[in-house]
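Let me give you the structure first, and then I'll get to my questions.
Labels for the chains are A, B, C and D, by order of writing; each one numbers its residues from 1.
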Amino acid sequence: GMKILVSNDDGYQAPGLRCLAESLKQLGDVTVVAPERDRSGASNSLTLERPLRAHRVAPDVIRVDGTPTDCVHLAVTGFLDEEPDMVVSGINAGANMGDDVLYSGTVAAAMEGRFLGLPAIAVSLTSHQPQHFETAARVAVELIKRLREAPLPADTILNVNVPDLPWDALQGIEATRLGRRHKSEPVIRDTDPRDRTIYWIGPAGAEQDAGPGTDFHATRSGRASVTPIQVDLTRYNAIEAIARWLPPIGTLR
Amino acid sequence: GMKILVSNDDGYQAPGLRCLAESLKQLGDVTVVAPERDRSGASNSLTLERPLRAHRVAPDVIRVDGTPTDCVHLAVTGFLDEEPDMVVSGINAGANMGDDVLYSGTVAAAMEGRFLGLPAIAVSLTSHQPQHFETAARVAVELIKRLREAPLPADTILNVNVPDLPWDALQGIEATRLGRRHKSEPVIRDTDPRDRTIYWIGPAGAEQDAGPGTDFHATRSGRASVTPIQVDLTRYNAIEAIARWLPPIGTLR
Amino acid sequence: GMKILVSNDDGYQAPGLRCLAESLKQLGDVTVVAPERDRSGASNSLTLERPLRAHRVAPDVIRVDGTPTDCVHLAVTGFLDEEPDMVVSGINAGANMGDDVLYSGTVAAAMEGRFLGLPAIAVSLTSHQPQHFETAARVAVELIKRLREAPLPADTILNVNVPDLPWDALQGIEATRLGRRHKSEPVIRDTDPRDRTIYWIGPAGAEQDAGPGTDFHATRSGRASVTPIQVDLTRYNAIEAIARWLPPIGTLR
Amino acid sequence: GMKILVSNDDGYQAPGLRCLAESLKQLGDVTVVAPERDRSGASNSLTLERPLRAHRVAPDVIRVDGTPTDCVHLAVTGFLDEEPDMVVSGINAGANMGDDVLYSGTVAAAMEGRFLGLPAIAVSLTSHQPQHFETAARVAVELIKRLREAPLPADTILNVNVPDLPWDALQGIEATRLGRRHKSEPVIRDTDPRDRTIYWIGPAGAEQDAGPGTDFHATRSGRASVTPIQVDLTRYNAIEAIARWLPPIGTLR
């Protein structure tokens, strides 16, 4: 059977992860390697300055005192007895769409599975008070079943956002691009009880590009969005323009 | 004059940052907002679960108890009296090429400047015992001078890696793509002095795609590499294939 | 009934805490407020630079992202609907005897209960692979039963260490003083995988004063030790000598 | 000459530490080993779960990514070429009197010097906007000069609080006991910008026992207070009462 690694950024006890792991068991062997606590916003951060500790808290559940990326990194570089075939990350309690993806630990965990045999999938439910994790879990299951029939290239990363609806109310699954947000809301200045100034990162900006074809639009329309994600950050279509633009070394002397 | 924000991931006291900030003063007003300590490997992580604290340690130097992304986020969302025109991040002590870019706090700091009026630049010196920061600083200065003559789109991110050579030994500046590495070396298992198992993240993998056109190749050949970086992580050329591949909702019932 | 607050430094999921909380239910209402993760060695540290977060994970179990002292501090200063009558901390997996007490989060949690109506108790099992938590839990229960018959002053802190033995093998309960250790073993110098020097705190020193009357001696003899702990750190019997010794202010000019 | 180790809990860049280290140079060789950032409230906490890193930032100044206790522990267990003769900790920006001492990193750093050849001293200035560090530094110098004439037992810890006054306004130096505070002010409940509940530790309680003989009283009267501190936390005068009070083992069966 398939060996599926499940991780997330909300921590190994998060109900979204439990629902996902449970559902995926119908498809193969599931191992959870996930952060011991909430690491939302961790992006692809790797812990290099200190060692990590891992504790098996159930036969197939391991918690790690690190980031989502640390968890998957460990799991695919020798920590597990057998290398998994694919990584599924989530189900995040809250959307990971548009620019948010840059900061997302859920998507980062999936990216870290890019060297495995099957595409990696990040799954989020677009609500902060999620009620229908099982809808998102079923979308994940359907995508993996489809992968078995019609494989995609192994280094594919699928970023899946699912509206918080009962399965029967879901309007479809749509291939999308990431939308775009305006700049974040201003930093929030406050004082602590000892009268010192503190700053909270402000909320994400309003949607700027949220028209048809975007993940914002799909989920607002009741459809799950599936966005293929780039691991190679090169902006290929700009290389030539940069090459022409660069100051020639001769002029620099 | 131009208002330049300088940040990094090695911390506000790092010699690479000091060299960069000093050099950029010939081009405009420089403000440093940088992490209070080394945050290498922080990627685009944002601190959402606690407030940040900022301390002015010199008239134009502010240290923040957060990540590189936190620093630039604060600085461009209202923390400074005036919004800067551009972000320059670095000079990192060590290369940020190929897959490393995913984990890099230096590149993330530049990405966070994407909403400003001018392109953002991340600068790294390809040596862990750097000797020629002034070469990298001069490359940054030359790129910004060129931007003033021939502007690029504001949302451009340039990831610059400079060989650790005296300026006169530099062989040119090349527009490149990111190379690729093999999977990382295995996790390193060890025991702490209390006999408990610990795991260190292993070293980055060997170069896999490092041929002509890559940043690996350019710097190895004595040239500075300039790679345009994608902020929108959508893999556009895969959307259509995914659309055809997706299971039709009808089949899911 | 009595309202008992239970905390520890090994984290809210530790088996020692669970055993203790379960046993104390025969004596009154038990509420657990404990760190979300292992905070051994936290001493009396208080988190002042950031806010704390608390999550109710069961009707009577709350985890906090802080130190043992934070947990009890919150619980006795308004966080709970009703102020508890006493704090019982533990059961720690490992002894807290002699100089170790200075660093102990278990003992610190008890100290933070010093303003409540009943004495606070810290309970530890003197083994790092503990097998008989129920023995230590029963000692705690017996001490609290005794408190109900014959009250002690409210600001008393009892530091209890119990040998890891079945109840029937326990040789008694002894009022003790703290023993003393020699200086710690030397710091352990090592290098990380990136070839940078790191230092591990070395093991605690050997016992120096471990004769009859000490906690070391009692537990080695199969008895539980009960050491009354000082919250006021003044060394009263030295004040007069210091007064005579101090340089008179006149001589300082 | 004397080898003096200086540490603190405000971080190695704190002006109070710099003033102290500078003043002590008239008495011997001074080495600073101090936390890289503010660790106020750290108490005697020791870092056991990860290794520490140390960086020499000046010939006689080393910063460590740990607590005050970690810094002194390292320095006296083999990290320095030569073991120091005594530890002087401070000058803290703010008082460390009464119950505050339990939480103080400044006092903890001094306690960790208890195995050295000379008494350890913790020095604090009783103002949060300190102006007269040089007064506190001079008090420290005078105490150490006095120690050379009339030695005290090596394991003595002196907790010194100095009013924030010019030297000429200082009214004397007084041997004191620690005062006592009422319970802390209530926890401060708030919500973060994402609408989640957070808790700040409230301010210290009002003075309860602050009459003649206490550190509170001495400093309020313009005198520096010198309180001898107990490292052995045993409350000796309660042992006998506890012994009589304990349930006899026979009754437990």
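Going forward, a contact is a pair of C-beta atoms (placed from the backbone, for glycine too) under 8 Å apart; a residue touches a chain by one contact, two chains touch by 3 or more.
Fair warning: this is a prediction, and the values are worked out from it, not measured in the lab.
Using the mean of the Cα atoms as each chain's centre, the chain most removed from chain B is C. Taking shared numbers over all numbers used, the chain C to chain D interface scores over half, which places it in the same class. With centres set at the average Cα position, the gap from chain B to chain C is 46 Å.
Chain A and chain B have centres, each the mean of its CA atoms, that are 21 Å apart.
Centroids built from CA atoms put chain D at 41 Å from chain B.
Counting partners per residue, chain B has 48-49, 51, 53, 192, 194, 200-202 as the residues that reach two or more other chains. Of all residues in chain A, those touching chain D in their complex are 49-51, 53, 188, 192-194, 200-203.
Those residues of chain A that touch chain C in the shared complex are 13, 36-37, 48-49, 65, 192, 194.
Against chain D, in their complex, chain C makes its touches with residues 38, 40-49, 51-54, 67, 69-70, 73-74, 76-79, 99, 101-103, 107-108, 111, 115, 138, 142-143, 145-146, 150, 152, 156-158, 170-178, 180, 183-187, 189-190, 192, 196-202, 226-236, 238-243, 245-249, 252.
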